[in-house]
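Heads up, the thing below is written out as structure tokens.
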Amino acid sequence: MSLALAEGARRHLARHSIFLVLAVIFIVAALSSPAFTDPAYLLNVLRQAAPVGIAAVGVTLVMILGGVDLSVGAVISLTAVLAAAVMAGEAANLPLAIAAASAAGLAIGALNGALIAFTRVSPFILTLGMGVAIAGLTQMYTGGTAKGVVSPGYREFFNFRLGGIAPVLALAFLALAAFGVLVQKTTVFGRRLYLVGANPEAAMLSGLPVRSVTVVAYSLAGLFGALAGLALLARSGVSSTVAGQGLEFQVLAAVVLGGTTFEGGRGGVAGTVAGVLVLSIAFNLVNIAGLPYHMQLTVMGAIIIAASALYGQMERRSD
Amino acid sequence: DQAAEVKQRELAAQIVNGAPFKKDGPYKIGVSAGYLSNSWVVFALQHVRWEASRHSEIEDVLVTDAAFNPAKQVADIEDLLRQDIDLLIYWPVDDTAVADVLKRAVEQGVPTVQAGGGFTDAPGTVTNAYISQWNLGEMVARRLMDDIGGEGRIVAMLPIAGTTAAVDQLDALETVLKEYPKVELASVEYGDWNRAKAKQITENLLQRFPKIDGVFSPAGQMSIGMAEAFDEAGRLSEVTFSPGDEYNGWMKWVAKHKQGGAVTFPTRAGQVAVELGVKLLKGEDVVRGEAVPSVYIAPDAIDDYVSPDAPDDWWASQLPAEFLPEQ
Amino acid sequence: MALSAALLRRQPEIGGIWPLLFLGVGAAAILAPAFRDPENLANVIRQASVLGVLAIGQSFVLAAGMIDLSIGMIAGLSVVLGCALINGDDGKTIPVAALMLALGAAIGFVNGQLVNRLRVHPLILTFGMLSVLQGVIFTYTDRSVGRSSELLSFLANGDVLGVPCPAILLVALLAISHIALTRSRFGLHLLAAGGDPGNARRAGLDVRRIRLVVYVISGATAALGGILLAGRLGTGYPLAGQGLELDALVAVVLGGAALSGGRASAPGALAGVLLLAVLSNALNLMGVSAFVQMFVKGLIVIAAIVASQLQRSRA
Amino acid sequence: MIETAGLTKRYPGVTALSDVNLAAHAGEIHALVGANGAGKSTLMNVLSGVTRPTAGALRLDGREVSFETPGAAQAAGVATVFQELSLVPQLSVARNLFLGREEVGRFGLVDVAAMERDAAEILSRHALDIDPAATVASLSVARQQMLEIARALTQDARILILDEPTAVLSLTEQNALFEIMRRLSAEGLLILYVSHRLDEVLAIADRVSVMRDGQLVATRPAAGLEMDELVTLMIGRRGAASGRAAPSARPAPRYEIGYETARGREELSIGRGEILGLAGLVGAGRTTFARALAGVPTHGAKVTVRREGRPLRLGSPRQAMRAGIVYLTEDRKRDGIFADLDIVENAVASSLDRFARFGLRNPGRERASATRILESLKLVAGRLDMAVARLSGGNQQKVVLARALLTEPELLIVDEPTRGVDVGAKAEIHDLLHTLAARGVTILVISSEIDEVLALAHRVVVMADWRFVASAPATGMDEASILLAASGGSRQGEPT
């Protein structure tokens, strides 16, 4: 019995080792710079992480399913530009802009999902190609200069600090993450994600609606990509047609660090949020420590490898 | 440095004989862009198109985009040459990486004009419509030194590491700093021309340094991200911004805060490049490099340049309406 | 023609890319007359050569069920270091090239060891390695350094009796790789280990060693690609290798490889590379706007992958 | 010639082997029996180098050896057919057959032609009609199993380990296998043979070792050993043999099934509460039929079903399940269990909707229902939040059954329901199927064990070459008549 208990605890720990990593990196950070003990700064880190973090919530869902979404960077770029263009500097256009961006993200996600569900292509290559196509589409739409003027009030609202410390954007990120956790934990859809991810064949034979689960999951990833685009717009305005370029890899790294595997059937949104924070703190840490730019890349790479290695070791112990 | 700058001016003044390139029209112009996903480049390209439209003997402008990939740019130029272009205008991802293929172009009798980058005297580049990143960096640095009174702690924000722009700007800054021993260059950062990234880096700089007196940031696109970070930290008043460029978003900021100003990074370079190229095709002599001068726009004068209703990602220019990119 | 027909017959499962490639070449020849020019075709091959070498290396990795995202940066490192060390000196070219190959192989060895020991998903591991190497390159230099040599430039751009040198190199590499993948014991073991590692192990194969060798091959071919790239660029540009890994991956998968392992084909991978190169070349020749090109490239990747998948599931 | 001394293997939470001392000699067929989870496969895995023991020693011919990898064990002359299929599906038959020992020709290249030629020869020697160039993935499970055995036989081994090789084999193949085993042992090979089919074991083995809870409880000569005694040794109490199905009057047809294949159109009807046994040789097409019936999109097979005259839509397993038709797979590992997920999650997978409101789950009700049904199935598991992969085969089967039962099926199709399941669990599963039938559930049983079909079914239909070739009440059939129909393919008996 005691053995079983110890085993349970160890498994639990293994599943959540990212939180351990987060704690360690946080302690290191706090020791090396007092900034990390300042709540306002920490909430700011959260705000910085919002675009990547929000996108990562959506990508987590498709990765639980055993898929992946590499088009999310392009979706972020497209929706940020699209939203700004629809806003056209008028507050009255805000609802329309948000709706247009969300619809675009949703549509792209649904297209990804439908292609994957009905033809069973490799999601990795498909969404990679989709990313290229969407990036091209964005450039065609904008002609290379980011159109649009952000509505007055939009950025002010998201960057306003409640109580002087908590930026609305950071809170919005937390709210969306919480929504992701709820979807994953409490809905039938969430449970089906795990089942399909764990064994698609068995899921099909068990009468699960594998295809619609797939389409919905990718649509959500697209929608969260669009929300990430809106978050990016809130954080830094529209200044380029390629603002989201390369973010898909940060997203991917965060999700995997968070314990969601490529094989599917495991992990979850909470871990992803921790993964996002680990990467974010690591980046800020090397930055604050004043390491030259090049060292930052090296250190980031090493952290990614080391954290996932730790994860792998804990897993091995537990089985 | 200074000496190199002088030498460069001498080289640029050399005369190139246009006779070997003389050709009858109509002309086909090839443009090899090192990258197009950038509004400055788009405006420069529109200047190329505008100028081309004013020469009836130019019948076609072909454009390729290397998307920051120097190997693709080599391929693009090869492809353009295969289409029997009469003139090649380019801006490089990396000068040295395209030197070889440009030499091949010249050997085939196609004159090559570098547009908007720094001056180069590589044999493959017949003439330059150049903007000296070094000069610009120097102007920006000197303005900043004046504005902060020649002492204090500054940080520098540069574009993508390794690009000519980043290399020359840093070099110019360091040269100027030699004259100001009381100025400490506390940190050099690379914000990749990315506003969000510049902002995040600045947020960390703000944590690192309790006081920052000046910001060296010649690219307005990143300057705004930095300014926002200072503003949100409530530390805008402690810092002095260097001039940025005539990026509209930055000029809006300058107009509002009445500081910083701009040292132009003229998109007109594209137009000058076409002028030079057409002269060569007509057999006329040109100089080896025609500088497209950067001018300083003081904060007070910014209102003449800024377009308050246009997007941030926009450039002050004299382009006629039909050649302006769609808003 | 005869060669690919023979390939089609032998390996029906990789059939998808060939019709597409023929279609692409045919369409290019009709829509862009300049495409047919032999000199242009030689260009296409030169343009495809670097990616071709990397893609062939990546086929081995995918066959073994692994993935290597660090190849772009390994190539980049070999461009930068190679040019810096050669610096225009023909005499140094061969020893430095050999050194770069060894360096690439060594990085691959590290990748392989880490994959075997750390239990990190290879995608994440090599993604981390990509970042580490990028940092290393930038620490070494943040601007273009050195020069390639005449010899290297000849290797990348020259031709022998009208045949582009890179074409000769590619064909040789392809022949070796194809035989290694399909006819050698190692190749069979590779496919087995990629198809089902547990069962391959139970069948007595040393899966760890196979993985190690695969990463060494991948690292060495990436370095070789880098040497070619140095010849094409003429200088050590620090970002030269960026993004090559994804293009190589796309090409290999278009060529019929499965990301889940156990299936890969070197000729298919090369065909995938050629398809991408023909596409880019033809669209350039047709004067299609750069933005539209990007869109079309994305669409073609999607269409190709979906088509080959449909074909496979029907078979 | 092989001996283990104090062999112990601990996994977190389980001791799979505890202080096992086994001795087996050259030239004997040594059977190993025990309930699910007794540790048989673990022991075999240690002997074949797949698993390393926590403690204890392994001696071969008196010399201590330790196999770090399966390769090392093979080099020492141990060939193994694992319980789980261990072929590489993407590769051809010939390549699998010679994996790791390829024939090398000129320039060190693999001589594919020679390999295919030799493979064809080996296959025909074992009377296996398989194309050496075909990919393994295209073979049925039984053929794959035979291929594995053939592969082990080509290894010139001194010790041959067979871990439940007959679980998926039909009678003819079994007999062929036993033939081979006898020959090899006569040639001096040691054969270690794991099986749940005790009658088989008693028929073929020289000695029998019995395992229980990780311990080796007895080793006896097979001659003179009684079945009852063996069962008692295995499960620590006397086992209850499952009775034959009560013959009952044939109920009115409830399901009328049409089955169209390239061989033509076939018909079949089943009544409410009837247990229909589907017998046939390997590859007869039973699984294909069953899957098509359960809505799995299938190439070359089309099923139409009328329930009480009304046609059912069966476009997907989901639709079939809605119509009350549920299929339990023959290949648990591949498409039965969600290996990483826990027991409850596995059990409620098909019926999440039933417990949910507005798409929101009700974990309490899920757990309660799962627990209830798993208890009634007498599941043996430490905890319900344990990954299902860690259960023994029999208990995994119960979890998959629970999943089906929670959907409250009307027509339950069970394909090889007791494959790899020990005698105790087997009887329990049989009882359960009888109970369900008595409650009015219609049941279609596919089994390669003719005994099982006869024991369970009210009526038996024999399939051969994708057609239903015979049909009769179970009481009117015996092994011989089923085999005859299955191999002859001539139609007989009453209309199906």
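Side notes on the structure shown:
All chains are identified by letter, namely A, B, C and D, in their written order; residue positions are counted from 1 within each chain.
Just so it is clear, a residue touches a chain if its C-beta (ideal position, glycine included) is under 8 Å from a C-beta of that chain, and two chains touch if they have at least 3 such contacts.
Given the structure is predicted, the values throughout are model-derived calculations rather than measurements.
The leading chain pair by number of C-beta pairs in contact is A-C.
Per-chain CA centroids place chain A at a distance of 43 Å from chain D.
Centroid to centroid, with C-alpha atoms defining each point, chain A and chain C lie 30 Å apart. Mean C-alpha position of chain B lies 34 Å from that of chain C.
Averaged C-alpha coordinates give centres for chain B and chain D that are 72 Å from one another.
Shown for chain B are the residues that touch two or more other chains, namely 36, 161. Among the residues of chain A, those in touch with two or more other chains are 139, 143-144, 292-294.
Of all residues in chain C, those that touch two or more other chains are 138, 142, 289-291, 293-294.
Listed by chain label, the pairs that touch are A-B, A-C, A-D, B-C, C-D. Chain A meets chain D in the complex at residues 3-4, 6-8, 10, 186-192, 194-195, 198-199, 201-209, 265-266, 318-319.
Chain D makes touch with chain A in their complex at residues 11-13, 294, 296, 316-318, 320-322, 326-327, 329, 334-341, 345, 349-350, 352-353, 356, 359-361, 382-383, 385, 403, 407. If you check the complex, the residues on chain A that touch chain C are 115, 119-122, 124-126, 128-137, 139-140, 143-144, 249, 252-253, 256-257, 261-262, 292-305, 308-309, 311-313, 315-316.
Within the complex formed with chain B, the residues of chain A that make contact are 33, 35, 41, 44, 48, 51, 84, 89, 139, 142-149, 159, 232, 235-243, 283-284, 287-288, 290, 292-294. In the complex of the two chains, the chain B residues touching chain C come out as 33, 36, 60, 62-65, 67-72, 74-76, 78-80, 82-83, 93-97, 99-100, 160-162, 164, 166-167.
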